Structure formats: C-alpha cells, structure tokens
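First, the structure itself, so that you have it in front of you.
Going in written order, the chains are labelled A, B and C, and every chain counts its residues from 1.
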C-alpha cells in the first residue's frame, strides 16, 4: 500500500529560498511529518524541521500544508489524493530561520509580558480549594500546546507586521482570559487586555479557532468573553455607576 | 582558539523538562544566577507526554493514604531494588511539591470538596495521582514554565532585564562537560539554529536530560531522548547504576506503523479499560505473579466491583505494575493470540458510556481519532509494549542529587536509583518535582560552599570539544547517520528488548562495537546551520555509549527483576537484589560494568513491611530479627 | 461571499419594506409582521396597535418601524457572528484563514467607528424587549376570522420565526456573558451557572440561528405582506 507521493517543500533561509519538488515514498497510515522524515533520511539530510513528540502533544512541528497552518504530525496522508502535490511551507507570520524552521521568539516575548498568576495572599500551599466547575473554563485554555498556529494564522499580525508591537495574538489573549477566569487569581487583567495586549485588534474572524489542533474554542470561550469583560469595565455605564457606588464581588 | 560565545553562571541546568525547570526555579530562588539549556523550544520537553498524573500521598481521595503507604508501593513496584532513601524522600515530599504547583497557577481536576482529585493507577494502593484529564504532563511543564516567566518578571522589576538571573537557552545542545581537576567547571555546546559554539562557565551543572528511549526502535520517547545526560555524566567521570532496567510500557499504539510506540495512557486501565486477546479473553488473570497474588482479584466479577468499591474488593490484574503487564502482552502475542497488527486489544468502549470516555480520556480519544482513525468510544484499541522509561541513570546522593563528580548533579529520569528495577506510573512526575528541587538546592549549596575558589576552564579542553563536535564534517564518503541510527535501534529492540537471552546480548555487544567504528567514520552533509543530520550524528555517540551500558549490565545481571527479564534466568534472586551494577568509562572511553553492594534499608523503614513480604525479596541474613 | 450577498439582500429588502409603510397587518387574523412590531403610533393601520397607542403621528419619511429596525439591525450588526461573517465576506479582513488580506493598514475594533461594536449588549437588551413584544404579537396571531381562536399557515410561520428569533437572541455571546460568564466563581452562583450552561449549549449554534432567523424574518414579513396585499390568501388550519 505504498506509492510515490509528490511533495513541494520550501527550502531556504532568511536570505530567501524557493519551493523544491520531491518525489518520495508514502506508506499506509503515514502523516506528513513521516514523509518529511523520509526525505531527510534518503534525499535531503540537511532539511531543517522542528519536531518532538510526533503525537500532537508538544506543538513543535507547525507548518503550512497546502497553505493551511497545521501540525505536520497530525496531518494524515490519506487526506490527499495520491497524485496530489502536497506543498509544505514554513509558518508565514514568523521570520524563517531555515527551511521549515521559523523564529518564534515573538511568542516567548509576548508570554513574558503577561503578568503571571498572582496567588491569593491568605492561602498557604495545600489550602487551595476550587470547584471543578470553576476551573473548567481555564482548564480548556491550559490544553494549549503552544504550537503557535493561532498566532500564525491571525491576520492581525500575519498581514500586518507593524501590529506585532501592540498585539499579543490569540495565544496570549487566551492566557489572559485563563488567568482572569482562574478562581483564585488575585490580579486585575481586564484593562491590560485592552490597553497593553491589543484585544481590540481582534475582529473575531475565528481563524485561530479553526486551526487549533487542540480544538480549543479560542474565540467563543476566551476572546469574546474577554471582550465582554472589557465592555463591563470600559463601555458599560451601568456597571461603571454600580462600581462607583459600591464595590461588588464578582 | 575556538570562536565562541561565553557566559558565566552559578548553576547551569541542562534540560528543560519537569526536573530541569524545577531545579532552575530552586537555584534561582536560592539566589543563584541560573541558565536553563534545552535542546528544543522552551516548553516542548518530553514531560508533556506524561498523561496519567503525579503520584503524591495527599489522601484527598482516600484518607487512609500516607507517605508510608506510598513508600511501600514504590519499593514493591521497584522490587526492593530502589534506593530506599530516595523512595522515602520522594514519598514524604511529593504532596508539598504538588501543592506548591497550585501556587504557581496549576489547575488540577478537583474533588467535590474542592481539593485536588486523585486517580487510581497501576501499583498504587489508593487513588493517588493528581491529574488534569489525561494531560497532566502538559499542565506540569506549562506551570513550571510560567513560574520561570514569573521569576523573570520579578527580575525585570528589579533590574530592568528579564534575563538577569534566569535565562533559557532554547535549541541549544551541550556536547561536553568541562572540568578543572575533579570538579566541574563548565559546559560546552552549540546553538542548533546557527551551529555556533557556546561555552558556559559554571561551577555547578544539573543534568535533567531525561531518558534513552531513542536507542530503541519502538519507543514512546521523542527524538530528544538520546541519553545525552547519561553519556555526558560518564564522560565527566560520573557513574551510572541500574542501566539494565528499561521499562517497557505495556500499552503503546501498534498501528499505523508511523505512530508505533506512541503511548496509550495507563489511565485507560485505571478508569475501567480491560485487556483482551484475539479470543476475546481477559487474559491478565493468568499472569498475576505470586508476590502480588494477595492484592489482585481472581475473578472478573471481583475486579469489576473494585472500580466502585475498592475497600472491599481486590484490584483488577490489568493494574499490575507495568513490567508484569508488558510481559503478559508479549506472551499472548507470541502465543499467537495477538491482534492483526501484533498487539492485544485494550477495550474501554464496552465499559464506559461514550461521553464518559471523552470526558475522562480526551487526549486519548483525540490521539486515536486523529492518528489511527479509530474511535475509542466505539471500538477497542490495539496496543503493545513500547520502550518508555529507563530506571537507570546517574548514581546520586539522595539528599542533594550530587553525583560522584563535584559540581555535577542529576535529577529526573537521568538520575538512577529512585525507581529500582521498575517505576510505578505517576511516580515520574513526582520524582521530577522532588528531586528537581533537591538538585537545585544541592547545586546552590555546593556553589555557596565554593566561595571565591571557582574551578577554571581549560582552553585546551574547549578546543578539543569543538574539534570533536566538528569531526563528522571532516570525513567524506562515510555512512549517513540516519542509517546507523536505524540499525542501532533495530539491534537494541531485537537483542536487548523485553525478553533477554545471553547469546543475544553478546551479539548485541558485538554489533555495538561495530557501530562504534562506523560512527567514527560517518559523514554529514551540508553546513552547521540547523542541520538535523549533524545533530543526529552528535547524539548518536551518546546513544551508543548508553546502549553499551544497557547491554553490558543486562548481560551481567543473572536474574529477572522489574524492567529486566532474562529468558535464561526467569526468577528473582535475593542475592542479586543486594547488588547494583555500576557503569563507568575507563581511561580509553570503554564502558566498564562492576558490581556494588546496596546499602541495607534503614530499620524503621524495614519495619513498615510484613515479614512475609520481605521474605519474598530479601536474603535470610537481611531480614530483621524477630 | 455568499453570506455577503445574503446580508446585502436583507438590508435592501428591509429598507424597502420599512419605507413602504403598508401591508404589515392582516386584520382578519391579527398577523403583524415583526418588521413593524410594535406598532404603537397613531399612524398605524387600524387594529395593528394592539399594544396601545403610545405616540402620536409619525411623519411618513420617518416611519416608527425604523426604531424597530435600528434596534434589530443594530443587534445583528454588532453581533459577534455577523461581525465575523461581515469582516470575512464584505471587508476581506481576512477573506478566509491564511489568505492575505488586501488592506494596507489594519486597526481592528480599536477606533471609531468600529469601537462602537462594543455596544452589542445594549442592542441585546433592546432585542430582548422586542422579543417579549413579539411573543405578544404571536399570541395575538391565534385569531380566527371574525374573532375567537384560529390557526393559519401565517400563525405557524410567525411562531417558527419567533422560536428562531429567541434562539438567536438567547444564544448571543453578550447574553452568555451577562447571565453568568462574567462571574469568576460559578460555584457561588448555582442558578446563574445553570443559565450559563444552558446558553453555552446554544452558543456554538449562534451562527446557524443568525442565518436561519434572518431567513424566517424575511419569510414572515413577505408572507404577511402578500396576505395583507391580497396576492394570495392565508391557508387556514383552524377557523
């Protein structure tokens, strides 16, 4: 059950590069990453590709397959016709290092700008009590494997390099939502979401949700609720008035 | 002189998995300037693959649980070969380490009264594993990663530089440890991205590089698991123990071929999944060994009742320690009762309602759906043993995680002793936290003790390390490293696998020495910038050294125990329990294996066991006087 | 693209209908089109102002139903689903995932006028009021010819539309936030957690409800217009 598949892979570095055509053996049950590995082992030993677990758990092998941001390890070959050319290119939003490897340091920089979990002052380790229904929302966001496909596909930075400065991207806006919904987090995150991390850039076109390999409902469960929380604080005169009159526990 | 970038640190942690990050957090909190070096991106370490949970006797799910019970389970699981002091520290400190994670922001699944929920796992008497669905490892790594970030934010507040006291060097590989006399003076490596060399001057190095699974063909381990830490330690003069004990996880995927070996979490069995052969029979009842007979159910009815009423029923035999289950599956397949793709069936679909399966085992459901096109709520999985964990590793002092080399520490999978001959599921995540912290502390204390008298780097060593790293580019017309790697994996799998025979291991050692000369002559194409061929070539040397240890020690140990099963010596032998096999490199770089006596267990710990149980493991003279 | 055409069609259709200012009431069966509900000015045709007459005459160029339209269109215009659909199909920002967008600059919803989209929840409150009034209209529509109880095809259409409108309104993201989403601890508010869980179940289908209800509104209005204008007569089931 094996055939010769047609692959077109982007080869090059920060200086430039081009799509190169390869013919390579494809076997039953394989994924795109297997074929890339076979190329490495048989034809192009120096082809650069990032990967780790090969089981969709670490989020290393992000690339664009026929133009769609995907994990190479989770893209089965039987989703293509045998004579179909499979084009593999590096993530477009980040600068290329070599071949399929990109410089994703943007994401680590943004991660550092999100203030960490602020533990409640009055609880010691072992004294934390949280109900399952209260942690579930944040738990969904903590499924994130940081493959950065959502960051890659988000047009706010994909098509507008200049926005990278003031927009943290879906991954880190979701991180803010995760902390804001954490039952014991003691910090205020709503103003920062809008003012420092560019939540207002998001126009909820949901591509981040579409490409998420963990099927996290980034837009519906993190970004829109976060926008609504910001509306509470910034654009809701009734809440504003209420907060002026008395401090309400959330 | 070699062109390179130089950095100076108090503590350098090699490896950014759970143990490495926990060690770095500790070292930084002790006020030491710390570097973390990881082969891949920050947050991608193999710890993310841990699924089931983190064992800690918090007693949330069953209040009868305490550290003594956990200690007993750990010793039993390791067939009493464990370093008892490590097992003791581990059982005592694990709950604090888990609670600490909550203060870093971790969100474990909860009990109805709001505490951390705990689940059943093979070999654990009570539900003990703190978990988040079946992605506990991811939670752990992300939590530690975010704690690192929070420490960096503190440094930023104080100094204006995030990386002033704690910096992550991602996609950077260490190829050699440097010494000044006996003591560690630094580490030498290269950036994967550019291929440029990098030198860390540091008096203390913590190894947290994980395991050696990539030496085997069928493995649940990622490419990073090439035994770097094991080999670095040996080249620096440290010793390894217990290298013959390799854990084969009983349930890895067997189909499709490209994902062969990828783990199917033990939680599937903990939550009700059963193993069946091609005749539809629950075969595990026939494989309960005598030492465990009293704790495991004899009938399917009793086993099924246990899930609801664990206090009055015995556990199902599917939850025996991993080595037992792996061997049972191996025997069933060999007897011709395997599945079409050479495994057995693991069925949860007929045991739990579909929505319960997707709630409790979401990532397993996802993994089978996406990778194998199998819906585990509707059909059984096909599973078989896969190389999962190496019990052996750097011989360390239990309290400080220090190796025999001053300034060299090890924690996590790369350290040996804690798990004896077989690790219980869930004990690795707690191991990472407990001994990661102790290694960080040990390193900090060591640095404090040095004062101003820090070891110096010898430039000649740096030049030699650089020349070694570039050697694969020098030759032309040699073999491709990928070919040698595949053959090495095949040999280890076939000859030093689950069931071992003397003549096969001798054959393996013969092949390994052939590989040694082939590796010396292999060729790498291209240049130094992000060149996976070159990276593999450098890793191969480590894999070879580790494989030599595994095969050498396995040949020597003439008994079957835990992760070491000898066809020609099928039983456990109490005389061998007293012995550790120690691997070291001699002056010519050849692996030497020697015997060493175990330190006898402290009396108060010995008293935690019934005499009848001790008799199964210990020699007559080791038994406590009655 | 297809969605863009549908949206444009709706806007054109509704505008024409509103400025027609006739054929919105079927007196025999008490059918009132949702586009004209509530009809509470003295300019309303006789019978249609069953909620009473709250205002005097409205000039012809400013039909009262414009207020209805502004609220309902505002609710939809600021709706998170329509925003997504609109950005993709009308503004190509982006046209589809990973497809380059044709704009030189992009500032998102941070500046006027798009920042006004944050007012979604006020339109939601308004839509809730209209939703309640529509239920009243729906009850009125069980009216037989010459009085008493009756059901016609018009009644059925009105009720299908009503259900779709309510599903659309309740599945709204702002609604989900208001009923419970804004809380940090669900466990302290068990009732609101139940509302939130209910809305969360509807919410993933918000887009489907949005498009279906758009279609049913046009259908209902067209049907009532046709019956009112006498293009065809209502199919009666009971009386």
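Basically, a residue touches a chain if its C-beta (ideal position, glycine included) is under 8 Å from a C-beta of that chain, and two chains touch if they have at least 3 such contacts.
Everything numeric here is computed off the predicted structure, so don't read it as measured data.
With centres computed from CA atoms alone, A is the chain lying nearest the middle of all the protein shown.
When every chain is reduced to the mean of its CA atoms, the largest separation from chain C belongs to B. Note on chain placement: the centre of chain B and the centre of chain C lie 60 Å apart, centres being C-alpha means. In this assembly, the C-alpha centroid of chain A lies 35 Å from the C-alpha centroid of chain C.
Separating the CA-averaged centres of chain A and chain B is a span of 28 Å. For chain A, the set of residues that touch two or more other chains comprises 131.
Shared contact sites, meaning residues of chain C that touch two or more other chains, are absent.
Those residues of chain A whose C-beta lies close enough to touch chain B in the complex are 13, 27-31, 34, 40-41, 45-60, 74, 76, 97-99, 101, 104, 108, 111-112, 115-117, 119, 125-126, 128-132, 135, 138-139, 142-146, 179, 182, 185, 214-215. Partner chain A is touched in their complex by these residues of chain C: 80, 83-84, 87-88, 93-94, 97-98, 100-101, 103, 105-110, 114-115, 118-121, 173-174, 176-177, 181-187, 193, 203-204. By the touch criterion given at the top, residues 40-44, 46, 48-49, 95-96, 99-100, 102-105, 107, 109-110, 112-115, 117, 132-133, 135, 138-139, 142, 146-147, 149-150, 152-153, 156, 162, 170, 193, 222-224, 255-259, 262-263, 363, 366-367, 370-373, 480-483, 486, 524-527, 529-534 of chain B touch chain A in their complex. Partner chain C is touched in their complex by these residues of chain A: 64, 67-69, 92, 131, 133-134, 153, 155-156, 158-160, 163, 180-181, 183, 198, 200-207, 210-211, 217, 220, 224-225, 227-232, 234-236, 250.
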